[in-house]
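Same chain, two partners: chain A is paired with chain B first, then with chain C.
Presenting the complex of A and B:
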């Protein structure tokens, strides 16, 4: 009887737990973290953190999700309240130099960038977008509340969804960028708080702001999208990726010595993996160092992994932090890369697609925007999609748009242009341009600078106004067959952009932001200007009033002052005047 | 008369053709004194390019012309230069006709015996009046303002042509369609259309039923043709977008591009709280003088047209030198007022100096960076004050001449000494 009772109790408890679990809808969740370190050819070093949480839950279903474990509650509530299908936000300090550093794993433009796909159940997308930007502004301690209709656009062809789903109505897409936004510790702290282990365990202990912000390039991003659970894709789960890319400069962080270690880069060493992580790995790119002739990696690790990323097959030494043996007897891991000699460097693989942008012209009246797109492939031509967002106060003249490749006119096959409306929305220009092999394509368009109202200038008006980066998206032909199998266990850095076909990979390039000066009025003069202009109008009014209301009369001359005074006295005396 | 006129036309065409072919044409087309957001050629081309791309030109904020301009230039865009030159010649020929017609209706010669004897020197002889149309044409065609406006291909030339046609038809006594046309091409003449036409040569007697009958007829035809033209504009693009883009733009002044007028800097520096108030004040100021002027000048319709044109050109929201050239062309008609003008030297010096300083100070502000916007603004103020002085001076001279015509030229006071005349 006791045994029966015990068994019954156990069964009941299990049933209850299962029921509770079923009722609150908690599905499986999984957390992975990784760090990729890639030495660059200029002596700098590129470190890319990725933290991935996958959760089988349904935010859009009827039941409110209330039991959060690994997935951060603030983001979960944002997704369910604003019916978000995909959210991509990035904060970047610095500009990625493609020609010196190669392609990044995850591109991002300088400043803040936010693009969101909403569910098709949303009725008022603009209102939802405004609320969403304000909520995100609070979550990330950033001034995203400056995103309004004057810098939000609806791209019609770029920024297709990166997760699953076949909604392609671009009414539900919003894209905005704030090139002037600065990234600092205040943005890093809430970003770190979203991680399951915070900054207390795992790879996140390395993220100390005094070293991270003392770098050439710093970018932190959050990407939320729905992904397939398995290869049959019968159900979807939500994926949250937090990425942090940083490039340490050889001279300012490395003191000129070509020797990098975890301690030198982050002023911390690793002691344990995050206990909540199912996988915690460090990848060191050793493709250029097969026999150890370029640099020496210590402590040595037997694990090697190969991955095809960005059209290149790379070899990585792997440190698995979930294995206790990785930390050695000191219980801490500090990898060291020491370069042997500075000569004998092999060439970096030239990035196939590269973009530049600048403003031409002189004076504060007109100007010209030049966007250059380089195709370094020796024999293949491929089309690229160029997206340009220009603020309304730089009035573009689309009849001056010219696209030339190799000196000849290159007509784009698709142009989508939405002209700006003053103080309401910016210009949007999207073009599909075919880039001939081994060539430079130049896109030029003329603009006129507007004079704004004196309250519309920033407090430092002579600094200039920023124009957000152009976005160049393309499927670049690959010499190495890309891996299209999406279910295999792959490192996180190679699985962000899904490859649909083997012969090409997706690349997104951001050009430089532009800094443009506008003519300014004199800010100390509002009262004076009002007075002077009203004076001129009054002069006109006065003259015309006089001429309209008065008539000519013959004038009797008035006597001099003495005579007048005498007349007054005489009048008082009652005597006739002079 | 034909030979000097032909010579004048040839000279004018040569100057314009030479400038069109030179490199100065692009430079002039960008000058803010000559073109404004309302009538720049660059914006017309932009509007046509947007139409080619399949986008409505009014969906952005670049194109502010009426749809009739799209109709016109869709076919004529390659012949733009010729179109503008032709419109100039048209204006000048129309301006030629007007004084001639006007003088034929001069009553003075017939009523010369009504005036005191010493006024005979005030009345113009037919010989003087013979050369006035030629002088008018010369003033218009050879005015540097007109030449600049034509070379810049500003649609101000087309506006001037329609206004000149309106003036001619009004003087002839029949002017219905041109009213609506000029309204559609140019917003401001609406002000004086109503009041001019039926005051013109029609004795205004409120008690007579024929006056009201005529007013009704006129209003009905005016509204009807206005309706037709607006609907035509609608059918071009199928939207009513052009109404806020054209008329809303003129009235609400959102674009603060510097020009020679008073609006741009005023509204650039305006406190947000008062913006609507001052906008209303400034726009009312343009139309405000219509009724008083029509009452004062009800017997002198041609001068009324001149005054109205001048007031609109000075106080409109986006003036250019082309607008000024139109009313300056009328000055030879009043050449007999010269003896009563008080500020000729001052006004002409200030106008010349300001015209020379405009490009200098613009360059210093925008290109050299050594001046700021206040310099250009100051010259704008001065230019407008000079124009106001010019217009009020001519008005004063005209009224004074009328006074002398009725009271004699050499006035004597009661004691026999020479009298002075003042406005009281």
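Presenting the complex of A and C:
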């Protein structure tokens, strides 16, 4: 009876709240979901999910927001409590291989990365940052509480806000990475729970952890930022984007056969779109397959879409899940891409910007960090912003910093360096470097390894210590602008200057994280020393003590049997013994 | 009458349930993580929600690069039961699993910025289940391969919990070598303890799997999991049946238990008192009028 009453009360309250909301016009919210599938030239396949919730509300206005519908309440409370303007957090397993796979839609470094822009009303940014990382570690089941002043930096030029807003004072920006952070189902579970439909309907039913983590690359991220409501931008809405990028390997997930389907990738098919979504679409990249000569896509779809993405004009086949017809008579959608022949693959266009990083040197005292940046554009030079965060226990010698391109010195036009302080903050190095066309630029700096205090070592210190990825941010000239094909009919007045919207695009590249061995003491030595010392003390001192304190007495050996009998007889006679 | 039934419902004296589990590091200790996850799975199946479970895993086995089947942890080599599941929430992982954090979780003395999911928010009406597994010896349990917790520290932590009224009844299960030594020093009331082996005995693992390359589970927890799979939320099995799990013929070691500090008779204690969950229900006899319109209150 009581349970029934509770349920009735709940239902009635819900209905009333919805009615109230509709009457007073609380902000509209909108949810869209999308999946992009891009076959890669190496035979692997890249799937990128994006879930976008836009809510016309104001977390900062002072009015407490309490009616949450599509926007997750846990994140809304985080934004209002910590006065967050922008929040970007990503969890990645694996490293993105730019040279084999091209550019990702949303790049992320291995491990966990968190960068936050706070509002300018925050007085104690460091304290708020510490509390925010603890709260996020509870929400995402990750050890983000290990983010502290020793791995947090304040970049001065990289990581400009991605949303609107006129605050550009970098005092309100904090950036930290945890390269060692593991990503597993326990991070995916709370991430899925933030979606309006959860993992019950729509594209999120495809997210099964057994398939997603059996991949070459897996990255999930949450991005929150304010965006304009309309083109006049008189008021702002809050946008939440949850993205999940995964690359399935041809041999481990594909069993060597170049044939991909939704069922093969995710062990599920789609049966419906999320009912709360205003748009639910799947895009398959068919740019390399205009007449269907490379692979065959089934079921066929009439919808096509073209977009300039990452500087390149791509064509996509579109499946609209909000249309019942997409699911066909079987009420389930399982797209199949079957490759026709294994030969005749055209080469992928080389990505224009690429980065690498490694540690050189030998021994456990010194070393050298080398960062290489490749510019593959045939004739255009462009500037890149390099951000390096090195932990304090690798003591950089900044006077040995050299930047060389094509063998010659390349002086950066802007350098911002903040030296580290032992156990307080890491090194921060930001440089604006001009990369000459078709060249490799090498940045080298020498360092010395520090000896940590014995309590500061991790339980497995012989694994090594991680150094976070370098971040290379640039505006790269786009491939579309490279098209000097003059056969296209264009009036002369429009073709003198390169057209603005397609001339360059923003790219952020993350290099590999480094694994560095520090001089590690032998932790079994205290036990060995105690045993050895106690043995020496016991044997040495004990023997000496005995020698000094013992007295020696001479003892007569006992006489034979005949003599003893004779002594007894003599005693009886009263005569002294023998 | 419904009111009488409600009284019986609250007869055991507790209103909510909590569980804490713990384990050890490195790939070759896969079986310890499998042990912990199987207890976690049983406890979730019998009704305790994630918000009431503090799960501590010292290393990642499921997404470890040595795991041939990522995102899975199996309890048996027939690979039927993935104890990791699809809906797991780990509260303390990796380097966060330390003796200090474990004791702080038990006693509640955590830094103020610790999120709720990492706290043991029990009160004096809570029944707590604590399950520890790993490598142990006579009087200690190893954490992370670099530090130990002794039985004296554990007993003192439980006494602190008793004095701060942080539990109603506590069930302590330990699956390590010489596990019985860990509950020898308990002195607080309302504690019941089970161990997989006596002092001087080793707890053995169940069986290896050639594909994964390590032992999958320990014997005691394997038979405990088998026993718990038969329990459902309304089952009336009591603690005496739990004491009989894994006799010497199956376990090779002799499981032990300690009930002298427990006030109730173990035969009257249901398994679901600790492994299941009680939801707090408030019965009201008054009627609520829902016909009048709800007014929106303006914030000043």
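Here is the rule we go by: the second predicted complex is superposed on the first by the 476 of 578 C-alpha atoms of A that agree within 3 Å, B and C clash if a C-alpha of one lies under 4 Å from a C-alpha of the other, contacts with A are read in each partner's own complex, and residues count from 1 in each chain.
As a working rule, contacts are C-beta pairs under 8 Å (C-beta built on N, C-alpha and C of every residue); 3 or more make two chains touch, one makes a residue touch a chain.
The model shown is predicted, which means the values in this text are computed figures rather than measured ones.
Trainee: In the overlaid three-chain picture, which partner chain does A:330 touch, first (chain B) or second (chain C), both, or neither?
Mentor: Once the two structures are laid over each other on A, A:330 reaches no partner at all.
Trainee: By the touch definition at the top of the document, which applies to A:423: first (chain B), second (chain C), both, or neither?
Mentor: first
Trainee: Touch check for A:141: first (chain B), second (chain C), both, or neither?
Mentor: A:141 sits against chain C, while chain B stays out of touch.
Trainee: Looking at A:537 after the superposition, I want to know if it touches chain B, chain C, both of them or none. Which is it: first, second, both, neither?
Mentor: first
Trainee: In the overlaid three-chain picture, which partner chain does A:575 touch, first (chain B) or second (chain C), both, or neither?
Mentor: Neither chain B nor chain C is touched by A:575.
Trainee: Output check: A:190 vs chain B and chain C. Expected answer is one of first, second, both, neither. What do you get?
Mentor: So A:190 only meets chain C here.
Trainee: Which chain A residues lie in the overlap of the chain B contact set and the chain C contact set?
Mentor: none
Trainee: Quick check: in the complex, which residue numbers of chain C touch chain A?
Mentor: Going by the criterion above, the answer is residues 2, 25-26, 60, 62-63, 69-72, 82, 84-91, 93-96, 113-118, 144-147, 281-284, 288, 290, 293-294, 296, 299.
Trainee: How about chain A: which of its residues touch chain C in the complex?
Mentor: Residues 1-3, 5, 9, 12-13, 16-17, 19-20, 24, 63-64, 93, 130-131, 134-135, 137-139, 141-143, 145-146, 180, 182-186, 189-190, 208-210, 212-214, 458-460, 523.
Trainee: Which chain A residues qualify as touching chain B in the complex?
Mentor: 362-366, 392, 395, 397-399, 415, 417-423, 450-455, 519-522, 525-526, 529-530, 532-533, 536-537, 539-541, 543-544, 546-548, 550-557
Trainee: Applying the document's contact rule, which stretches of chain B touch chain A when the two form their complex?
Mentor: 30, 32, 42, 45-46, 48-50, 53, 55, 59-62, 254-258, 262, 264-272, 278, 282, 285, 289, 292-293, 296, 311, 314-315, 365-367, 369, 372-374, 377, 381, 384-385, 388-389, 392, 395-396, 399-400, 403, 411, 413, 419-424
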